Every structure is written in structure tokens, then in C-alpha cells.
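Working notes for the structure below.
Just so it is clear, A, B, C and D label the chains in written order, and each chain counts residues from 1 on its own.
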Amino acid sequence: MSNAEPLYPAPAGEPSAPEGWLNAFRNVRAVSEQLCSPLETEDYVIQSMDDVSPPKWHLAHVTWFFETFLLKPFLRGYVPLNETYDHLFNSYYETHSNPFPRPQRGLLSRPTVANVYRYRHYVDEAMGMLLNRPPSEHRHAIAERVCLGIHHEQQHQELLAMDIKHILAQNPLRPVYSKSLQIPPERQPLPMRWRAYKGGLVSIGMEPGREGFAFDNERAAHRQYLEPFELASRPVTNQEYLCFMEQGGYQDPAMWLSDGWHLIRENGWTAPLYWVKDGEQWYHFTLAGWRPVDPNAPVCHVSFYEADAFARWAGERLPTEAEWEQAAKKARHWNGNFAESGYLQPVAAEAVTASNPHEALLQMFGDVWEWTGSAYRPYPGFRTLSGSLGEYNGKFMSGQMVLRGGCCATPASHIRPTYRNFFPPSARWAFSGFRLAREATGEPCRDSFSQSAV
Amino acid sequence: MSNAEPLYPAPAGEPSAPEGWLNAFRNVRAVSEQLCSPLETEDYVIQSMDDVSPPKWHLAHVTWFFETFLLKPFLRGYVPLNETYDHLFNSYYETHSNPFPRPQRGLLSRPTVANVYRYRHYVDEAMGMLLNRPPSEHRHAIAERVCLGIHHEQQHQELLAMDIKHILAQNPLRPVYSKSLQIPPERQPLPMRWRAYKGGLVSIGMEPGREGFAFDNERAAHRQYLEPFELASRPVTNQEYLCFMEQGGYQDPAMWLSDGWHLIRENGWTAPLYWVKDGEQWYHFTLAGWRPVDPNAPVCHVSFYEADAFARWAGERLPTEAEWEQAAKKARHWNGNFAESGYLQPVAAEAVTASNPHEALLQMFGDVWEWTGSAYRPYPGFRTLSGSLGEYNGKFMSGQMVLRGGCCATPASHIRPTYRNFFPPSARWAFSGFRLAREATGEPCRDSFSQSAV
Amino acid sequence: MSNAEPLYPAPAGEPSAPEGWLNAFRNVRAVSEQLCSPLETEDYVIQSMDDVSPPKWHLAHVTWFFETFLLKPFLRGYVPLNETYDHLFNSYYETHSNPFPRPQRGLLSRPTVANVYRYRHYVDEAMGMLLNRPPSEHRHAIAERVCLGIHHEQQHQELLAMDIKHILAQNPLRPVYSKSLQIPPERQPLPMRWRAYKGGLVSIGMEPGREGFAFDNERAAHRQYLEPFELASRPVTNQEYLCFMEQGGYQDPAMWLSDGWHLIRENGWTAPLYWVKDGEQWYHFTLAGWRPVDPNAPVCHVSFYEADAFARWAGERLPTEAEWEQAAKKARHWNGNFAESGYLQPVAAEAVTASNPHEALLQMFGDVWEWTGSAYRPYPGFRTLSGSLGEYNGKFMSGQMVLRGGCCATPASHIRPTYRNFFPPSARWAFSGFRLAREATGEPCRDSFSQSAV
Amino acid sequence: MSNAEPLYPAPAGEPSAPEGWLNAFRNVRAVSEQLCSPLETEDYVIQSMDDVSPPKWHLAHVTWFFETFLLKPFLRGYVPLNETYDHLFNSYYETHSNPFPRPQRGLLSRPTVANVYRYRHYVDEAMGMLLNRPPSEHRHAIAERVCLGIHHEQQHQELLAMDIKHILAQNPLRPVYSKSLQIPPERQPLPMRWRAYKGGLVSIGMEPGREGFAFDNERAAHRQYLEPFELASRPVTNQEYLCFMEQGGYQDPAMWLSDGWHLIRENGWTAPLYWVKDGEQWYHFTLAGWRPVDPNAPVCHVSFYEADAFARWAGERLPTEAEWEQAAKKARHWNGNFAESGYLQPVAAEAVTASNPHEALLQMFGDVWEWTGSAYRPYPGFRTLSGSLGEYNGKFMSGQMVLRGGCCATPASHIRPTYRNFFPPSARWAFSGFRLAREATGEPCRDSFSQSAV
């Protein structure tokens, strides 16, 4: 797989100079619109479940973010295009204004898609004015917030991909998002290996002097003590997950957390989201349409409960987020199958070169977000941003699990080893998979955990 | 108010001759599209509550009806445009095929609005072929079903008006359906009078020899014995309903059916649907936007429970459907404020002429559907149509109340004295109001029931 | 079957003389306690669904009724035993005081069963004082309300039987209410015959001069016109209902009202309540324990929807309540399998004597309440009682269907031809069955409708 | 407060010798029955919410535990009293048999309370036989499981106190559990102080060689690195919590985790569970009846969300479970207000002696379970027990938060510094309070955090 090029180069020395951000701002704005360009007008309107937002809402909300946190406070004389948008497109900032109820986003036919684009361009123009001539006393705050706004819009680009997929998947007409997506390569199965880490006292989180953007939840950097551990060389594949399914994984309560067991029983889950069996063959819905499941690609669209059940069935466990981060920091590159690859689905891992068979840790970045065994809680010394931006991350630190590494819908420039994503343990519509871990044993890897589990 | 002209003349001798129906078919099809012409594409997609269907679904479903019950059985060589539409646009005909779940109609971005229109035109063309050269052995069945299909589409025209209103009313941007609707005339208050009927053995339902279409639920014609009764000369007005509200009608459990009391408490209802108070003035949402409530117009968008509570508070009751029908049959005309008037909202009653002040029964047709005190149950001798069309009406004969007389969104040619509409007693999004009745007393009408009720 | 003796003779000339009611009062009070005598203390506490009340709540509520409507207004110096009981044991009289929420009745461990009996005896003693020396100015009101209170307590005796059955049926330990219940006789199958009625203008409801008690909902007596009709000689039996089940009645949407179809699908109903199949044999829970279903006994514990579906499947319909009443008034006796028979379950019909094979209408009273096709709505001229007692019946006149004739748990002295019972169409825990009707045909009865329906 | 004496001495060298456990077994069994002795029969039956179990169910379930995991596998010839009990009293051991649905435990009137006690004594007798003459090949397993069973029954003793409190609190009659409970002493307010801990690499969890029982979730002992931190000298008091309430804590979204904010809004929470304001005075329900809130006692019956919101409002945070445990291990004693104190409610802290004012850490054990900021997840190296006992703790390790230290309803011998209790963050019916923590600052304690927060 050729390395994905980041869609825009991050300005050097971020986030000190507002002017330097204008190109990056324009680039990220363009990517969002490009992502929606294959959609029909009607596709923009649908909210297929409470967790999903209509694509036009995403496009408007990220615009509202720049308007609210940059234009209104810092652009002298700025007049909003429509006062009601502050209510409609506030996602969850309760201290700012009354957010429009999330489950009702799909009840809004207006503003129309055309008017949402009009809103975007109105704000884009104003942002151009602000960034070209930022008021000197607010230069630092502006630079910081533009940077945050750009990363915020990137997050919504990934949500757009997830939500569009979910919307189209509901439809018995089996619509295809785009026929010009990249076709995944056929690759040979690659055995899973264990990579050993010696643990000890390690630094976790974004360190103070380190260059580049990080969210507040990646701070404060702090020390953690890790026992020696081992990490799988690649995520669990569809083939391996099928083995779990066929051997009764979904029928055996001993494999499951109690909440997970009740969830799969109530919902009748017996396979990952989007999977449908036709005869002997499993198919799954992708943004390129319904496709046979590739046995060698990482399993995707599983909940934390399913990841955890698989790990228990395999006699292993999920890594903690600190273990994952420690291993990721030791990896030599952050390459991966990101949004820029043009697949918008996970693909099978590429064999490492013969000269270096044992060290490589494959697919740590891109392809699938990897569920960890860590609940999403604040780091020691965590501080939220001031004002309403303090609601950005901190208030979600309960009831969710941490995922790491980005996925096939993540912009390449958006990810880093310290990045903490989070979803409720029941969520499946993200591009979520997982990788196994275990206490250090020094034993060689079994040929296949699935055979030994029989 | 000038009398509404029916949008198309019903062919004489309906429904014997298929060819005679082609114009009527084309007219009704054109009206549906004209009704949707002010909509934005996005408006077509929304399902604002389970009872509401997206406008594009309505447009497709009425088309499916012609395709399913005429083209497929009778047009030789007919090939459907899309096989999946049979699933998507089957409303509730369980014996025909598996209907797409009603609450999920708003999850369908596809087919697009453009493709729904394409579907309509495809079916229209095929219908033209069928009606121009109907196979002789099916002439009668075809004529009957075209007639039914036309009345079916008219029903959905009214539903379109109701549903579009509900969809737009959810939106904080306060969209207006159309700025070219007729503006209701300002009229003086008109006192309510009692009209006396002597009852006795009367004929109810559509009589066998009678010309013109009727649904199966209007048959069999049969005799009922009515005690003498009196009927109010006009529906209850907003002014009168406001009096009920101000005198604590919504706070006094003694006024309410038990189900109604629990419903209004759980939902916090204290006024008709779409009413909002601003300062001292009540406003309500109309298809022409938010407007002050006209005190002299009939109250609208009330549930059966509210109509019943008002009647109890006023010391009166609702008429039975037989009483209503008997009075309607004695009325001299079926004029009224129908869809063709172009208001799409109820308007104040026009004073009767000085020469005939006591006989007139105002607004029996049009303006608002009138809740009766009768549960929707089959008439003696009721027979459903054969095959899947037997599901048209009969299976809904539980849990609903009968309404009579049509409303401001009903096509004029669609209504008749025997027409039985029905909604659950909790429904409020129809254009539903009510008229009072009482046992015959011979007493003159009190000046105002609301004053005496104080 | 020997005729049941009424448990207490109704005082002559009811309800004029309070003193005459003392024995009747004491008798009905004793019957309630006798009915509960087989219960364990724990059985008194359970509320197995929202519709069910704990037996001790019933015992206390009927006591509260006498206290509230007789002792407090009429017994000078009466001091309630516990002020909080007025809240706890008010069922639904919203205009009297705030009723304790119905679904929480099962959360009350106190007052204990012993204290509920203490409450009963406290009120009984005070009632003795009141009825022995009623204040002369209130003699008529007192007599009327005692009579109402007695019939009210009889209604709750039947509810006690229904609720106790439902409570015990939940329990995997399969408890038996009482081992000393009468064992139903084994009887031969009895063919269903049609009895013809010529209809015409008939009087419905309790006529003014008629002796004996009636609820407000049985008035005003009024005329109805009936087309000629025929009524089945006996209720539908378990054998006939099994035929419906075996021939796919629960699987065919064409048989069902829409609400009923959705109800049976959501709840997975495929048989009457309390039925369980073991191998080839159907068993059902009775107050005497789990028993094989008697093919010749009337089917019981079916909802209105199931009764209606059976009738449609059989090509017939349910009678209206006026048809039922007209036929019942022509019957020669009101005998039947009532509570006093000691079965507390429906039993097979007894063959009529050879000398009179064609006239008899069997099991019109007792055994099972018979669903009619009539919605529960007020009669013309209906007036509620004054004050809070106006909430007794009138406010429930929506969303329910009428049942007629009493059942195996009804006290014999409680029933009459004009009696209107009512339940929501989905209810199954009452002893509810049904009898077929049809338009008059003059045709002889088919040997078996179930065979011809094949 | 005098130190509570453990109700029974733990056998030395647990859990090696079965015989040594007989006295402990008999003691713990007696305590459960003693705890229920003030109840009326009716109190045993109620399930006031899904989380609560009827007291008789608790008494039976703990008995089932001994029967299932000891008598059936190890007592030769043991015949269960009732086969159905295995279904009824299996709480959640899905791999053992089908557990009776939890929300339906309150629908079981049978077995009666008397029969539940009969079941207890039947099992007690059999346990006596087993423990007096344990089969030699199972000595170790039996000792281990008896020990587990005893600690299991102790857990249910605490649940009994919580559940009985919740059951009685629903009742408008305001029943009192017992009038012979100890009356809490009146004590002076005690300022909150900060105690500093230097952190570093510490050992967490139950160490291998350590004597005494521990649950599987307290293992494996492992190292964690802690940054320096400070811990409050005592839990937050009612007085302090009232300050939070009065200063709008429940109205300010900035104080709350998102899930918590939605929870308090939906449920209308504005105070701890069981609190009711009467005029200016707050009262709360206790097992001794309704009492004025003691300002100096620890706040109790708050959810994790409320504890977290208070901490944010105070500018501090909750301790992690590792911080709490590290501090607890350094404390000199494990004394506290436990079940044996006889209050069954938290009481105000007693001032430390003048000679040692700065070191003491008050109320770490007993009074209130202390919410920590740690999600309940497995420790590194965690292994579940084998067989169905593996479901004891491990499967609940998602969606819950850890609480530490025991409470006023915990048996004294049941607690230890490594003990991990857990509840969902929304739970309030446990005796749950909290203690503040912060990063090490070296600053002296502010006089009152609540004043500075104004």
C-alpha cells in the first residue's frame, strides 16, 4: 500500500500564526465538500439513528464552530447569516446556547442543502478576512482556535463517512456512495505474531515541548508503570472472526461481559454490523456497495463487547491504551490506510519485507480504530479548555471506551500516537476493530489461536 | 366564500367505462404534483412523526397503487420500473407483500425525488395505454379500480397537506409552505344556534342505486332509529375554545375521558396543536406561516378527547355519525371551504342571508373534519372488497373515531354526506374540529353556552 | 349444572331503605374475604402487570369506597382509621383526591394484610352504625350508595379472581389457588345452532320503572332498530378455536384487524392466554392448577382481536351489544355458571332437553364474558352520577369494547341482560370468550363452520 | 464512636480447613435472618425497582449459592428441597442454568417467606453435615467455596439493608424499619484538611502471600505509578453538599459530565436520593424513619455523576482507586461505622485527638462507600475463577465505577483496603458518598472550598 499523503501540510510551528493557517483552513473546508460531492440532495437530510447526523447538519455544524468561536468573538462587525443557526447547529455546548435536540436533527428540511453551502461560503469568506488581518491582541487565541477548528472539521469528515455509510445501508435499494473508490488489493493471509515489550515506567500522553496539535484529552503527559506485555503484529481479521462466529462465540455467555451478552441477545446480533449471509458466503455493505467479506482484511464494525468476547474466546485480552501507545511510539512510521488512500474501508495487511520479519507492527495506524481495554477517563493533571470549549472533550469522560490509531476514514494528518478516540462500548457504526494483547510469556506465537481454541 | 369548483368532473355513470376515466386520472395526478410544487427537495424526505409520511413517499405510494392493482393484473407485458418499489411503497397490504416498516419511511433518501417523479410518469404512461385500450373482459374491474385509485390519491392529497404542515411546523426557521395561498377573509362573529331534527327511523350509508362513488365502509345502507336531537348551526370557534381554555378546561379532570386526561397530562397539552402564545396573543402555525388565531374561525387541530371535553364543559355532547349524516342529507348543498378554495386552513363562517336565518346549517362540509361521538365500526352488512383491496378500510375498524364532512384540504369532489373518515382519538394533525349536539329540548339556544358555563 | 343460588338476596324495593341493606352489605363483605381465604399473605401483595391490582389493594379499595361515599358524608363524628388511606386506596377519582399511581400499587408492603383486614372491620362496624340509624334527611342517598357500593364490591370480587389467577400463573412453582374448587363435569360436544331473531325497533338499556339495580351506563333506555339477525346457540368452544389455530389463524393477516395483527406479532401470541402446549396436548392454567384444555368448554382468555379474527375466519361476525341484549331478554332464565358454582372456570355446555332442542340459547349468562362488536360509548340520554361518583363509569367510554353476560367469576346476583362490561380490545386476563352472529339468512346451520372454512 | 466488633472471627489460616468454617458459616447465616427480623411478611415480597430484589429473594439466593456450589457437587446423596429453586434463585449464572428474569423477582409470591426460611434451614443442616465431615479429596475446594459463600452472603446483607430502605421509602405511610437502631451522636463540624502523599511506584491489589480472603477482582497485585497527590481528611458532608445545591450546582451544565447532566434533567434530580425539603429544612428517609439531615454527616445516596459534579464545582477531583488504596494502606486502622455499630446510616466524623491533629484520615472505612474516579476494569493479570463461579465478578467489568471503603451497612469483617465495590455511575440507592482529592500542591488547605468557590 502506498503511503497516503496528508491532504494538507500542517503549518510549521502551529498554532502560533493565524495567517499561516489560511491555506490549511481552506484545504480542510474543501475536503468536507469533496467528501459530500457524490451525494444526492436527499442523502444530506437523513438521520438513520440517534447517533447519526444528517450530512448537511455536519457541514453546517463545523461552520458554526468557526463562526461561534472565531468570527463572533474576533471579527469586528461580523453579522451572522441567520440568527437561528446558532440554535440549530450547536451540537452540545450547553454553556453557550440551547442546542437543538440531537434526535431531531433529521426533522429539519431547512436550511436546504444549497443554503447550508451558502452558509459555509459566507463563513469561509469572513474567515478569510479574519485570518488575513487578525487583530494583534488575539493572534495567539485565533491561531489556537483555527487549529482546533480544523481538527474538529476533520473529526466530522470521519463522522460523515461513518454516517453516510449507515444512512445508505438502511436502504433496500442498495445505493452506492461512489463508484470511483479504490478497489482493495487481494492479498495473502498473514500470520499473527506476538511482539514483546518490556514495559516499565513510560511516558503517556502528549509531552509539553512536543511540536504539533493535540486535544486536551491527550494531556497531561504523565508516567505509567507497565508490566511486560505482548502485542499482536496486526489486527484480528475477518477470517479469524468468522472462526469465532462459527464456533459459537455469539451463543456462549461465558465469553461475554454481562452488558454485552444482554445487548447481543436483545438485538439478535450474530455478526458484525453490515454483515449479511447469502448462502454460504458472507457479504457486507461498504461505501462501494455490497461486497463479499475479504477474509484477510481486519474485522470492522464490531462493538467493544464483541472485541472483548473474541479476546476472551481466544484466551487473550485487549491492550490497555497505555500499552498501545507505548508500542505505537516505538513504531517507525505512522503510515496507514487513511481517508486519502481512497478505499474508505479496511484492507488486508501487506506482508513485511523478508529482511525484517519480526519487528514490524502492522496497521497500527489507519484501517480500523482499535478498541482498547481502557475506559475513557481523564489523565492525571487533565485540564479542560476555558469557556464553552471546555465542553469539547471532558464532559464525555464516562461510559465510553478508548480506541486508538485512526481508520480508513481518518485524514492522515489528523492522527498521532497519543490520539484518544472514544465510543460507547455498544457502538458499531464507527470503523472499529481490534488487536490482541497478552501478558509477556516469552512463548512463541501459536500458529493460530483459533485452532487451539477449538 | 365562493363555492369551490370540483377540480375535475366525475365521469357520468361511474365506474362503468375505463376510457371515461382517463381525464379524471390525469387530473388527479396533476393535482398531487401541483400540491408539492412549492416544496424544496429536502421537504420531500422528512418524516416528522410515525403518523406522517415523507411527501415523496406519498407521491410514490399512490403510484404503486395504480401499478399494483391495475397495471400488473391488467396491462399485458407491463414491466415494473423497479422491483424493490413494491416493497418500499406498499403501505399496509400485508396479504400482497411485505410492507416497508412505516416508522422507517423517513430513512429513505432513495429513490430521489426526481426518481419518484420518473416513477410517476412511467406509471402514468402505462395507465394511459391501459385506459385507452382496456381488455374487454376486465372493463368493469378496471373502471372500478381506477375510480378507487383516484379517490385513494385524493385521500393522500389531503394527507400531503396535513403532513407537509406538520413537517414544516417542526422547524425553528419557520418555513412557509406557500406565499400564494388565499388570505382568509375577516368576518364578524356569528352566534351559534340550535337546529332541531325529529329523528325516527332513518337510512344511513350509501344506498344501492345511488349514483357516485363510495368506499366500502359507507355500506351497507341500513336503517337506524334516532331520538329527536338538535345540532349546532356551526362548528365551535377559536373564540369559544379559548373560553374553555381560560376557564381551566385543561386543568379539570371532571371534563375529560380518562384516556384523554392522561394524554394531556403526559404531553403537557394546554391548547390545540400548533398554538403558541406570545404575550397575550395566541398564534398558530398555518401553511401560510405563523398567524394570529382568528377568533371566529372554527377551532382546528384538536383531538377527539379535546372535542369531547369541550362538549362536556359546555353541557352538551358531540353528535353521533348518524345524526350528523341525517342532518347533512337534509342540507341543500355540499359547498364549503375545500382544497380548491386555496386557503388550506379553516375560515370564519359567513353569515346566512337575512331571508333564511334559521334553517341554515353552516360549514357542514369543508373547513374542519368534525369529530363525532361514534366509534369507527362496520355497518350492518359491511363487506370488504375482495383480495388485498379488502385491507383498504375494514381492518382499521377498531380504536378510532369517525369524523365527517371534509376539511379545507379535502378535494371538493371527494366528499359526500355518507363519507366516513376516521382517526385515533388522540390524533391532532388532521384538520379536525367539531360541532355540538344535544337531545331535543325545544328550548331556544342560550346566547352563549360559554357564559352560562361560568 | 345446578343453578347457582345468589349469595345474598337483594332487598326488595331497592334501593329505598338503608336498613334493609345491612344484611346484603355484610354478605358481600364476607364473600370478598372468603374469596381471599385460600391466599398466602404474600399473594396479597403482588401486582403482576399494570392492569392487575394486589388482592389486599382490592380489599382496601372497596372499603375506601364505603368510607368515602357513605361514612365521611353521612356518619356524624366518623374519624378515619388512617388519613393516608384516602390517597392509597383511591383508584381513579381525580376530582376527589390524588389517586396513588396505579402501576405502583405493587410497591406497597404496608398496610399489611392484617391491617387491611383491620381497616375493613373498622369500616364495617361504622357502616353498621350508619345503616342501623341512618339520618332521615339522607335516607335515599344512603340507600342508593350502599347499593352502588355493594355492586362495586361485587365487581372487585370478579377482579380478585382474575387478578389472583394472573398472579399465580406467573409463578414457575405452579401454585394452585384452591384445591377445593368444583371439578368441571365431562360433557359431550354439542353442535352449534343458529337462533333467528327478527329485529325491528327494540328497547335497549334499563327501563325506568324496572325493579332492581343498574349502573348509570345501562341508561337511558332507548330504542334501536335492528335488522334481522341470527345468534349462535352457544359460545365458541376450545375445540373450534383449536381448529382456527391449527388452520393458521394466527399467521394470516387477512383475518385480523390491523391493531390486532400488530399486537399478536409483537407479543408472539399464538394461543389464548394461559395456554401452553406439551407434546401434542394443550394445557392451560386454571385456579385449580394446570389442566388439559377441555375441547367442549367455551374458549376463554381471548382478546377482542382474537374473537374478531375467529369470526372473520369462520365467515361470521360478533353480535352487537343490542343484538345480544335483545336475545338475552327473550331468554327464559338468567341461570349460568357463576362464582357460586364453585368452578371459577368455564365449563362445557349441558345439552338441552330432547323436548326443546331448537329454542334454547345456552350459556348466555355465566361461563365467559362475551365480546360484542360494539365499542363502549354512552347511550343516548346518558347522565353520569353527580360529584366524584360521576367518574365511576362515564370517563372510560373510549378505547374499549362491550362484553355481555357475566362469567364464571361473576356473583349471580350481579348480572342482568342490560349489564355492560367493558375492556380494551387487547385485554385477555378477564374470563372473556365470544359467541358468533350473522345477518339473517334463513339457512340451516352448517354442520360445522370450521370444516367448511378449510 | 466505639469500634465495631466483627460479628464473627474469621478462622485463622483461611480458607484451608472446612471444619473451621462451620461457626463462621452459622454466624453469617444468623446475621442475615437477624437483619430481616424487623420485617413484616409483606416487606419481604416487594421489588421497588429493577435494581432492588425482594428480601426473601436475597435470603433464598444466598442459600442457593451454598446449595449449588457446595452441596450439589460435594455432599453425597444431597437431594434439593425443590428443583425449581435452581431457576428461581439463580441470580445471573448463565453458564449454570437459566436465571429467572431479574425484573420479575417481585412477581413471585411463592415460595412464601416461611418456605424460604424452611429452605434456609434445610440447606443449613446439609451444610453442617458437609462441613463436619468434608470428603478429603475436596477439602481445599470446599474451604475456598465456603469462604466465598460467606463473603457472598455478607454482600447480600448490605444489599438487604439498601433494598429494604428503598422499599420502605416508596411507601406514603412512612414505615420505619426498626425503632431500636442506634441514634447518631451530635457532633461539631470538623474542617476538611488535605493529607499529602508522595506517590511513586506502589503496589495495588491483594498481594499473593497476604493472609485473608479477597475476591478475584482484587488480583493480581501489580505495580502502579502515582504522581504525588493529596486526599481530603474526611468525606464531603451534607453541609458542604447543601452549599453546592444552594449555589446552583444542579442547574449549571458546566459542572457535569454529559451523561450526568442528561440524567439529572430527565429525572428532575436536585438533591440526593431520599431527600425532601419541608419549608426551610431538608429531611431524608433513613431506616429509622424520616429525619432532619445532619449537616456534619457525610453526604450519602449520591450518584457518581453528582460526586463528580461536586468535585468539579469545588475545583478538585475524585481520587483514583489506586490513590485511595495507597492512602488506606497507610492508615493505622480499619475501624469505622459498620453494620455492627447499629446505626445503619452514616454519622458525623469524630474529631481526632489534639495530640495528633494532622495525620488522621477519617472515615476511610465505613459510613459511606466512596466513589472513585476509576472505571471498574480488570487488573493486569486478572483471572476469573473456574466454572460458573467465573461469572462472579469479571463479567461486570464494564459500565461501572469503583467505590472503596465499605459503609454503615457493611459487616466489619467484610472489608479491607484492597476491596473493590462497583456500581453504575447513575446508582444512588447504595450508601454512597465521596471524598475529594487533588494533585499535590503543597498549599495549605483553604478554610473552606465552598466559600472560595462562590
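Just so we're on the same page, a residue touches a chain if its C-beta (ideal position, glycine included) is under 8 Å from a C-beta of that chain, and two chains touch if they have at least 3 such contacts.
Model, not experiment: these values are computed from the prediction.
Q: Please indicate which chain is farthest from chain B, where distance is taken between mean Cα coordinates of the chains.
A: If we average the C-alpha coordinates per chain, D ends up farthest from chain B.
Q: Roughly how many whole angstrom separate the Cα centroids of chain A and chain B?
A: 49
Q: Just how far, in Å, is the C-alpha centre of chain C from the one of chain A?
A: Taking the mean C-alpha position of each chain, the two centres sit 61 Å apart.
Q: Could you state the distance in Å from the CA-based centre of chain B to that of chain C?
A: Whole-Å distance between the two chain centres: 38.
Q: Mind pulling the residue numbers of chain A that touch at least two other chains?
A: Where chain A is concerned, no single residue meets two or more other chains.
Q: Which two-chain combinations qualify as touching?
A: A-B, A-D, B-C, C-D
Q: Using the touch definition from the top, list the residues of chain B that touch chain C in their complex.
A: 92, 94-95, 201, 222-225, 227, 253-254, 256-261, 304-305, 308, 317, 373-375, 377-378, 380-381, 390-391, 395-399, 401, 425, 439
Q: Would you pull the chain D residues touching chain C in the complex into a rising list?
A: 40-46, 48, 56, 82, 84, 87-88, 100, 104, 106-113, 167-168, 170-173, 175
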